[in-house]
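Each chain gets a letter, A, B, C and D, in the order it is written, and its residues are counted from 1.
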C-alpha cells in the first residue's frame, strides 16, 4: 500500500482507500486532447490511491519532427491529456499527485524561438516596436540509456550533451469559479508551471475547485533551464505513471510541492515580484499551520535558509517556487 | 604568483604586475567607514595582483549586541570599508576581485525585522495603508569550529543550526558619471548585491567607472536564504582577504561572477522581470563574445541549462544572478 | 438610421442591416445573472444595428442596502447581464457597441473596503504579512436631478457632493480559445475594465472570438476616480441603452474606444508597465493602419500629444487607456 | 509681497522674509552646467521670497540644430542650471518653488528616438535581443505668437500643429544622505520628473536634504504627451522665472504640486505599480494631515474622485502624479 510521506497529510489521509488500489491505463487519441483547464466530463475516473498510466504529446502536438517543419504546423500549444476525475474530490479538498515515473517517448526533442515568445523577445504582453526575433527550431537527440540530450548549435558546429531530467511542464486541475484557462497558463490551479519539481520523487498538492478535481497533464520536458528564458524546454512526449490521493477538507490556495527533504510553495503571477510574494506568503502559512512556528519566526527563518526556484518567466503568468529544507523545521 | 583562472581574462591580463605582489593591511576606525559608493579619496592604494587584508563591521555598525538593543541605535545601514584604489585602473577597464578568505569576527550574528523593510512588509517603495510589521531582533550563536549558526525562535522554544557560508553582502566600486549611491543600493557598480557568490572560490568582475576603481566592501553575511525575504541575513563583522587585478580596456556593463565551474551575470533593478532580463542579456553577450556561440544559440542553450540565483528582493533594486555551467560551453 | 461615426469602420460596415433596426428589451431575473465571460447560450439575440434596452445590478448584486450590511452577504462580485448574441458575428470580426444612455436605478450608491482588495492594501496577488485593512462600507446619496452623489465620511461629519458620470465597469465578450474568465477580470475581451469611457458618447470596439460575440455588461458606476484605488467606484444598478453593430473581417487584438474627438486603445495586464506597452502598441498600430502615419512617426507624435487614462490598479489585471485627439491625425 | 497660496503652508511660513525680496539673475556658461543632482557649491544664493531669473539649455545641450545632426554630438543628457542655494534651508524643511514664467528661447524644438530609450523600445533596463529601433530626429517649428509647435512627419508629408505648454522636465534638489544622482533620474528629490505640472500656475514642494536645498532646473519641454513614450518631449531651451520659499520644519518624503484648484503628490519608481502606490500613499497622508479626513475616508474618497497623471515611463524611474480637486476636501 502506498503511504503518503508528506507531513502535510499525516493526520488527514482518508483510510477508506486502503483497500484495492487500481492501475488505470489511458491512451488519448488526438481528438481527446484538450487545450483548456476547465470543468468538462472526465476521460476516466480514478479512486484515491489509484495509479494512472498514460501518455502526453509534446508542447507542439508532436508535429515538429524534422528540419523544415515550422511553428505554423502547430495546431495548439500544450495539448493536454485528461481530465481525470478523482472520485470523492470536492471543492475545498486538496488533490495529491505523486509522480512515480516519466519516460521520454521520442528519440528527438524540440526547442524553438517562436515569434512573440520569450523573456528577451517582444511578446504580446510586453510588446515593443522592435522587429521580432526570427523563428528558429533546434532538434535535440535523446539518448535514454546515456540519460542525455544533445544540443546542436544552428550557427556553428558546436554540440553538447545535457543530462535528462524529465518532468511535466503542465499539470493542473479545473480552475475555481467555473473559469476555463488556456493550457499555456499557470495559476492557482497549477497548469503550465514549467517547474521541474513535477517529476519522480516529488508530490504535488493542488486545490480542488470542481467535483472530481479534474486533473490534466501535458507539455513534457526532457530538461529545462531556470526561467525557460527562450520560451521552450527540450519538448518531448512522455509516458507517465502517477498516483493520486485526496485530503478531505484541507483547503490550499496555490500549488505546493514536497519531497523527502523539502516543502515548496508556488506563486504564479506577474510581475515576478508578486509571484515571489505569493510563494513566500504561502510558505510562511504552511510552516505556521503544520510546523507550529509563528509567522514572524517562519519569515525570519526563511530569510536565512529559503531556496528559490524561478521556474519560468515566459508564460502569461510567471512562476516562482519557494522552498525550505525540512531539517530547518520543527518536527511535526 | 597568482594566475587569474577566469576565461574572460586569459588573453587580456597585463603582464606588468607579475613582479612583487604585496599584502596590504588596513583596519578602519569608525570615522573611516563610508555610507556611499562614491568617488572620494581612497584609504589605501593597491597594485594589480596585490592582496588586501582588512575587516568589515556588520550591517548595523556592530551596535546591536544584546536583547533590548533596538534599530534606533543604528547610525546608518551597511557601513563600508574603503574605498581602495587600484593603481592604473581607469574607466573602461574591468576590476577583478578574487575573494580569498572570509572569517566571522563575532560569536553572535543578528537578524532583524526593520519597519518598512522586507518582501512581505509594506515598504517605502511599496507603501500600503496596512500597519507595519513590528520591529523584531533575532540573535544567532556563531560556532566557527562547527561551522554553524543557531536560530532561536522568539515565539517558541524551537532552535535549529544553520551551516555557515560567509560572504560580502556589499562589494562595489564608484558608480559611473560621478554618481554617489547609498550603501543599501545594488546597481551597475555592484554594491549591496546580497549575493552569496561574493565568497571564497569566486571571482567578481566589476566595471571601472572612476580612476582607481575605488573598491568598497561591507555587510558581511554568515548565511542567507535566497531572496533575503525578511530583509536581513545573519549579519556579522568579517575579516576579509581578497586579491585584486585589472583587465585593461575590457568594458562590462554589469557585475559578473566566475568560479571554476560556472560563469554568472548580475542584473539589479525593479521589477525582478527587468533584473532577470538584464542578467540574461549580459550572459548571452558574454557567451557570444568569449565562447563564440551566436546570440540566438546562446539564448536557446540557456533556456535548457541556465541556473538562476534570485539573490534578494528587499533592497532598492532587486538582484538576479543568471549562470551557466562551463561544461555546456565551447572551449575558449 | 444609425451610422457608425468611427473612422475605423467607414469602409467596412455591412450594408445589410440598413433595413429594420429593432429595439430589444431584456430584464434579467436573479437566476439569469452570470459571473463569467464565457461561451454559453445567449439570453437574447440582436441584429447588427439593433438597440438593446436592459438593466444591470450593482457589483454586489444589490444586496448592500443599509448600515450593518456586510460583504459576507455578497453572493458573487460583478453579476453580469447577458450574454447577448449579435447575429452574424464570427471570430475575426469586430463588435461595435455604442453606449446610448445610462440611468442610475437607485437612490443610493455603495463604496467599500473589502479585505484583500485595493491598491494600498495587501491582496491575494500582492500578499504581505501585515494585517489587512478593516472592512468598511460607505453609502452615497444619489440625486439624479442635481446630477450628484454625496460622500459622507465615516470618521468625521464631513460630506461632499460628487458629479455623476455613470458608466459600465464591466462590458465584454466571450474570450478567445474557449476560455471562461471571472467577471472581475479585464483582458483582451474587455470585461471589468472600470473605464469611464464605457459611457454615452463613446463607442467601444471589441474583438469577436466566439460565434455571436456574446456581449456581457454589468458593474455600473455612478462615478469613479482614476485608478479606482480603494477597490470600488460608487457602485449602482443601471438602466442601459446601447446599440450594437459588427465590422466583418476586421480583427483587433484588444478593446478600443472612440468618440467624436479621440481614439483610444486599451491595455489590460500586470504590471502597469506592460498594460501601458500594450495600449500604446495598439494605438500606434491603429494610427498606422487607419490614418497612414508610419509607425515611428506615430510613436513620436504620441510622445508629444498622447493622453493616458489609468483606469484601475485593483483588478486581477490593471487597465491603461491610451488616446490621441483626432485633430492631431491625418484625415482619413 | 508674494503670499504662498498653498494650504499646506498657511501656518508655517516664516515671517522673516516679508521685507525686501530680490530678483536674482543668473546666466550659466557651458562650463557651469551640471549633470548631477548633488551637494556641490551653489552658483548663487537666494533668500526665501526671492525671484530667480535664469535660463536652461535643452535636453541635448542645444547641439541638435539641423538635419544631419546626430545624438553622438550630445555631450550629456539634461544639462542642469544651478544649483541655487536658498538661505536658511536645512534638512527637514520643505522647499517651495512657484513657477512664474517660462518662455521658449528657440525657433525650433527637437524630438528624438535614441537607441536604448523609450517605452516601446528595448532599453538598458528592459533589454531584449531584438534589434534596437533606429535613431531618428524630428524638428518642430516653434511659433510663440501662435502658441504652437509644428510636427512634421519623416515618412510622409503630414504636418500638424501642437499647442505649446512649456514646463521644466527637470527640477530637483540635492538628494538625501549625500547621494549624487544623474540628471536623467527622477526620485524623492524631484529631478527628471517630466511632469507638465512644473509650469506657471503651479507650486512645487520638495524635501530639503542638504543645507541650502540646492535647486537645479533644466530639460525644458515645449509640449509633451502623457508617458513621454518615445523618450522625448519637444525639447527646448527656456527662459525661466520662479520664486522660492521655505517651510521650516515641515518634512515631506516626495515632491508635491499644488495649484489653485488641486493638490497633487508624486511617486517615482519602478514598476509603475509602485510609483502609483507611493503617489497615493503620500496623497492620503497629505489629506489626513492638512485636511483632517481619516486615512481610510481619504482613501475611499480618492477611489471616487482622484485624477492620475502618468507623467513618463521612459526614465530610470517612472513618474505618477496623483491629485484631487480641492472642492472635494474639507476647508482647512
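Please note the rule applied: a residue touches a chain if its C-beta (ideal position, glycine included) is under 8 Å from a C-beta of that chain, and two chains touch if they have at least 3 such contacts.
The structure presented is a predicted model; accordingly, all values stated were derived computationally and were not measured.
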If you tally C-beta contacts across B-C and across A-C, the winner is A-C
Outermost chain relative to subunit A, judged by CA means, is D
Cα centroid separation, subunit A vs subunit B, in Å, comes to 33
Per the C-alpha means, the centres of subunit B and subunit C lie apart by a whole-Å value of 48
Note: subunit C sits from subunit A at a C-alpha centroid distance in Å of 34
The positions of subunit C in contact with two or more other chains are 120, 127-129, 133, 270-271, 273, 277, 281, 284, 296, 299
Subunit D residues touching subunit B in their complex are 35-36, 38, 124-129, 177-182, 253, 269-271, 274, 277-278, 281, 284, 295-296, 299
Interface with subunit B, subunit A side, in the complex: residues 111, 113, 118-120, 133-134, 136, 138, 151, 153-156, 158, 160, 162, 223-234, 270-273, 276-277, 280-281, 284, 292-294, 296-297, 299-308, 310, 313, 318, 320, 322, 327-330
In the complex, subunit D touches subunit A at residues 120-122, 127-133, 271, 273
